[in-house]
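Consider the two complexes below, in which subunit A is the common component and subunit B and subunit C are the respective partners.
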Partner chain A sequence: MQIPNVTEKWSGTVTEVTIGATKEEGGTRQKVVKVGGASCIPFMDFEGSPGHKPVIAMDVLDVPPEDWPPALMEPFKDVISDPALWAKKCVDKYGADLICIKLDGIHPDKGNRGAEEAVKTVRSVLQAVGVPLIIWGCDDTQKDNEVLPKISQATKGERCLLASATQDNYKNIVANCMADGHNLVTQAPVDVNIQKQVNILVTDIGFPLDRIVMFQTTGALGYGMEYAYSIQERERLAALSGDKFLALPVLCNVGYESWRSKEAKSKDEESPGWGLAAERGPLWETITAVTLIQSGVDIIRMYHPKAVAAVKKHIDALYTDGR
Partner chain B sequence: MIAVAERINGMFSDVKKAIVDRDPRPVQELARRQSEAGAGFIDLNVGTAASDPVSVMKWLIQVTQEVTSTPPSIDSQKFEVVKAALEVVKGPSLINSCKGQAEELDKYIPLAMEKNASLVCLTIDKQGIPQDIDKRVEIAANIVAKAAEYGLEPTRLFVDPILFPINVDQKQPTLMLEVFRQIRYISDPPPHIIVGLSNLSQGTKQRPLINKAFLSMALAAGMDAAVMDVLDEDLMNTAICTEMILNKQIYSDSFLKAAKRTRD
Partner chain C sequence: MPKVNHSYKVHFLPHDREITVQEDTTVLEAAHDANVYVSSICGGVATCGKCKVVVEEGHVECPPTTLLSSEELANNYILACQARVTGDLLISIPPETRIEGGKILLSSEETEGVTAGKVHGPLPGVEYRHEPLVRKIYLELEPPTLDDTLPDYERLKRAITLKTGIPMESLEAGLEILKELPSHLRQAGSRYNVPLQITATVAQRGVMHEVIRIEPGDTTQVDWGLAVDVGTTTIVAELVNLATAKVLDIEATYNSQMKWGEDYIQRIMYATERNALGDLQQSVIKDINGLLAILLTRNHLGPEDITAITCSGNTAMIHFLLELDPTLIRKEPYIATANFIPPLKAHELGINIYKHAPLYCLPSVSAYVGGDITGGAMAIGLEQEELLCLFIDIGTNGEVVLGNKEWMVCCSASAGPSFEGSGVRHGMRAASGAIERLDIAEDSSLNYKIIGNGTPRGICGSGLLDTIAALLRSGAINKSGKLVKGHTPRVRETEEGLEFLVVPAPQTATGSDIVITQADIQNLIRSKAAIYSAVATLLEAMHLKPSDIQRVYLAGGFGNYLDVRNTITIGMLPEIPTDRIRFVGNSSLSGARLSLLSQEAMTRVRDIASKMTYFDLMSNPKYMDEFISANFLPHTNPDEFPAVYQELARRHPSFN
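Moving on, here comes the complex of A and B:
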């Protein structure tokens, strides 16, 4: 008996986005990172090309974090006050594919640093590492609109990934990313309809689709991960079915969301039955990342080196042929 | 859905005049507008008046291809017209149409395969147009089987179960919805299902409304292509909206715009 061929035929391909620019391309990066390109659902590569391997962006904060538990502070304690050294350690020692500079310090409630200081920080990180940068605002609309344009101009030509444009606030950041040649994160609150709408809005004013990375606010293990997963999965299925407004690479914010959970940050003495905090936190972050990868994720923002190592190993095992 | 744009047809006086005068402008203007409106194919029909249908069809193809890359739908019941027309087509096309009996299929399917064309097959056999569901589905199944035998992909096969005017037989549209559902089960992937949508409202006083209402119902039942008035924006929006409601497109506040920009 002939066995019927039940493989799916997909009509769409996730757009390829290039982050970073080398000297020849007008930037200063030693290498660029390409994401996207999938033409099948993750790890079903008999139906199409899996595209580029998911990459890991390690977070570097512009000010020392105040609420990180000891297990998370430990690997960074020698560099925590110097974003440039912190970034260098992430790349040289922990193998980060990208650095995500999170500008917490510009938030009005967390130091209210000015644009000049933020630009200085970003420049120092650019000089310290050769990988491409993601630059993430503080999620205060007014302050981001004030600071991100200055950073965009200061990093012109580096083809960074700037975050983020939302349905209610996108014109400012889009204009700057367009003028300075950067990529853009479009963000939606775990809502596929709004994600599509933001993408339509930013392209309406001329921003090219092949410079957009999508971000649905991530839910960590135990905190809505299933919902985030199902939304990202729906986005990817729509992408592969030919919806070009959703055929874009996806980023998820695993480090921050995982380490907000009490399961990750609770100290040994607080939760004696939960296993050692030094293992538990990285494990929580690892499980969140490897689960979300299955939904179709291209860039994973992460914190802990142990989790980064585990997730990199996992990705490499799943992409054994090196594509 | 795949919209096959009707209107470039010698039955219309402006097109007929353009054909007689060999004036490409009215035809090209229609083709341009139909293409912009989202046509998947542009139907070309020489009408009944042309004394030399072969040369007129070739001329229609040439002048429309000068202004648009939307592939033509060669609308003729004459094999020699279709065959000659395919010689001048650049790129893909749609043959519209052939009957569902074996000897017709044996002529048309190899031609479609050879010329990289898609093919519309009517559920008509030697006994004519069947009146019941079962016979129409049976002919459709024969068409699909024949296409598979020759290796014509289901994505290039359009089955037309033939839609009559509502004022001729009012029971028939309800039966058609069932026919659509059953044709979907003949193969996986199924063939396209196409009708001449405007036939339904022929001779009525509410043509656009009747077309829209049926289009929506038909898309829900599995029809995915129609020869239709793509210049009727409401009709095209009805198709987009129906597909969104059917979860074939993800909703966004700008879903109409998104669908139109996606097909560019």
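Moving on, here comes the complex of A and C:
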């Protein structure tokens, strides 16, 4: 009996986005990172090209975090107050593909640092590492609109990935990314329609589609991960079906979200039955990441080196052509 | 000691009408009692700020409000719904608060009357036999003689049967008619060999016909009925000559029930929780009686002259009107008390017309699709249509019917009242002074047309639709509907956010700017999104595409005119060739009028109501998704609006 061929034929391909620029390209990065390019759903590579492997961006905070549990502080305790050293450690020791500088310190409630200081931090990280950068604001609209343009100008030519543009606040960051040659994160909280609307709005003012990465906000294991999963899956299916406004790489924020959960952060003495905190937290982060990868994710922001190592191993196993 | 209740005189200008009211009555109530129209959308709870009046003399007690500007306060403006009478008053009603009566234009169908024994709907070719539900029949009865001793009642029935063909056994009359009959007949003449001339008024009640009035002489030319569209937001009444089928006059008011909620679900909850069904009923009866009083006074008629009334409205509104318990409408499995309401006595409900005049309600399909839709479908002739049609009635609920003479499916979506001018800062009904058309030229100049050619007082539905389309085309709003700061000097910042200046104060009747605010725009976009997503969901359920639709009939209280292109530009309708789209005005009212004038039309409405299949959107998981993707201009999927996207890109090269 002949078994019918049930492979799907997809019409769309996820747009390829290049982050970082080498000396020849007008930047200072030692290497660039390309994401996107998939023309099949993840791990169904008999239907099309899987595109570029998902990459890991490790978060570096501009100010030492106040609420990190000991298990998470441990690997970074020697570099926690120096973003440049922190970033260097992430790259050299833990193998981060990208560094995501999270500018918590500019938030009015968390230090209210000015643009100048933020620019200094970003510059120091740029000098310390050779990988491309993601630069993430503090999610306070007014402050981001004040600081991010300065950072955009200061990193002109580096082809960073700047975050983020939302439905209600996109003009300022789009204009700067356009002028300074950066990529852009467009953000819409778990809504594929609004995500698409934001993408249309930013392209309406002239921003090219092949410099956009989408962010749907992320839920950790046990905290709405399935919402993020199904939205990302829908996005990927729409992309492969030919919707050019959704055929863009996807980013998710696994580190921050996983370590907010009590399962990841509660101490040994608080939860004696849950296993060792030193294992539990990284595991929570790992499981969140590997699950979301199945839905079609291109950039994963992560925290803990153990989780990073496990997820990298997982990605390599899945993408090695050893089938 | 018991409190002494004082009463005071309130005099209204420019109407020059005076009324005596009890102390503590609100100025708004006093105006209602004096039959002076004062605009009010919230129905008297100080949220809409539309009932501004000026105290010329006297003093009122009023709580502080943010709805009046300091300039208005300085000029003795008050909110009529908040101000309580504590002494004699002289109040003047400023132009923006006044609806100048009689300025709603009649369309040609309404003035056409009977041609070749037929009455006409809003579209050419849709016509029904002229045979009103309540007819006046002039009769000449042979006086009784010793050879012909048939009693008066049987004599009357015999004459009616001979004249009309109505079988004698299906004719009946009430006790009061019987009592009056002998004297009326004798009044008509009793001389030997001279026929008794009388006019009998006969009302159809299903298979029966009831004689509801006997008048001496020939009164067939004094033959009036009332067609009423009982809308959630707006109530419109037409005074119709039943003999000629011509509409003599029309009047509209906002539904006073709005103080209990903008949509009828809120009102049902209020009625149920507060045991206040009676209040809701009295409110709508008062509104209808108010419209009646205006129409009768203006046309020198008396309540006795109106012998029939038809009402079309959604199922909930009809429940309120009849004081039927609406509770089950909003509870699974969503059941109405009745879809087919039998003819009732209008007088029993408190409607102030001839005491035996019947009230006919147009039948419903379901708890959420009512007589406004079945009547509308009849008015456009959907039950005779070969082509696949889409019929959309845009009101507080947007109902969508898909089908033709073979089959019909319908659904209902909550669209909100914004296209009726409510929930929009300077929105108003389509009455004189309303901006009904608007366009922004490529050189940014703004052109508009006003109903009645006066100075503008506000913007009605068609004008609002044009405004959104024009703002989008000119680039003053983006595809999310957000105003673009600095795009033109007309976009300006206020404490409440951005707004667009439509007409500056010196050119308005109100003396203040007419603007459209960011919140207004979002309300209108939500309304259009509800309509579009209902259409899309229904089409998908029937496995049809927009291109399969051969005719679109768009109904609603937008005004006298609608630029159908703009309904596509803003994404209210799918991209369909515009020559397939017709605007048919208030089709619910047309349905009520045609039913009043034609028994055939009423039969068709009943057929339609039995035939239509109701499709529930609320239990459909796709609807919400469709709604969010329609919450964009024109739509989140450019592929569904290629022509609009192209046009926008042409006008704004930076738009991709």
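Throughout what follows, the second predicted complex is superposed on the first by the 321 of 323 C-alpha atoms of A that agree within 3 Å, B and C clash if a C-alpha of one lies under 4 Å from a C-alpha of the other, contacts with A are read in each partner's own complex, and residues count from 1 in each chain.
Please note the rule applied: contacts are C-beta pairs under 8 Å (C-beta built on N, C-alpha and C of every residue); 3 or more make two chains touch, one makes a residue touch a chain.
Fair warning: this is a prediction, and the values are worked out from it, not measured in the lab.
Once both complexes are superposed on subunit A, the partners subunit B and subunit C clash. When the shared chain is aligned, subunit B and subunit C each come close enough to touch A:I200. Within the superposed three-chain model, A:D191 lies in touch with subunit C and out of touch with subunit B [touch as defined at top].
Applying the stated contact rule after C-alpha superposition, one finds that A:D168 touches subunit C and leaves subunit B untouched. In the superposition on chain A, no contact is made by A:L276 with either subunit B or subunit C. In the superposition on chain A, A:F245 contacts both subunit B and subunit C. The superposed model shows subunit C running into subunit B at a single listed stretch; among 220-228, 310-318, 508-516 or 634-642 it is 634-642. On subunit A, the surface patch touched by subunit B in one complex and by subunit C in the other comprises residues 193-194, 196-197, 200-201, 203-204, 243, 245. Note for the complex: subunit C touches subunit A at residues 478-480, 482, 625, 628-629, 631-632, 636-638, 652, 654-656.
Interface residues of subunit A facing subunit B in the complex, by the touch rule stated above, are 9, 192-194, 196-197, 200-201, 203-204, 234, 238, 242-246. Against subunit C, in their complex, subunit A makes its touches with residues 167-168, 191, 193-194, 196-197, 200-201, 203-206, 243, 245.
Of all the residues in subunit B, the ones that touch subunit A in their complex are 189, 249-254, 257-258, 261-262.
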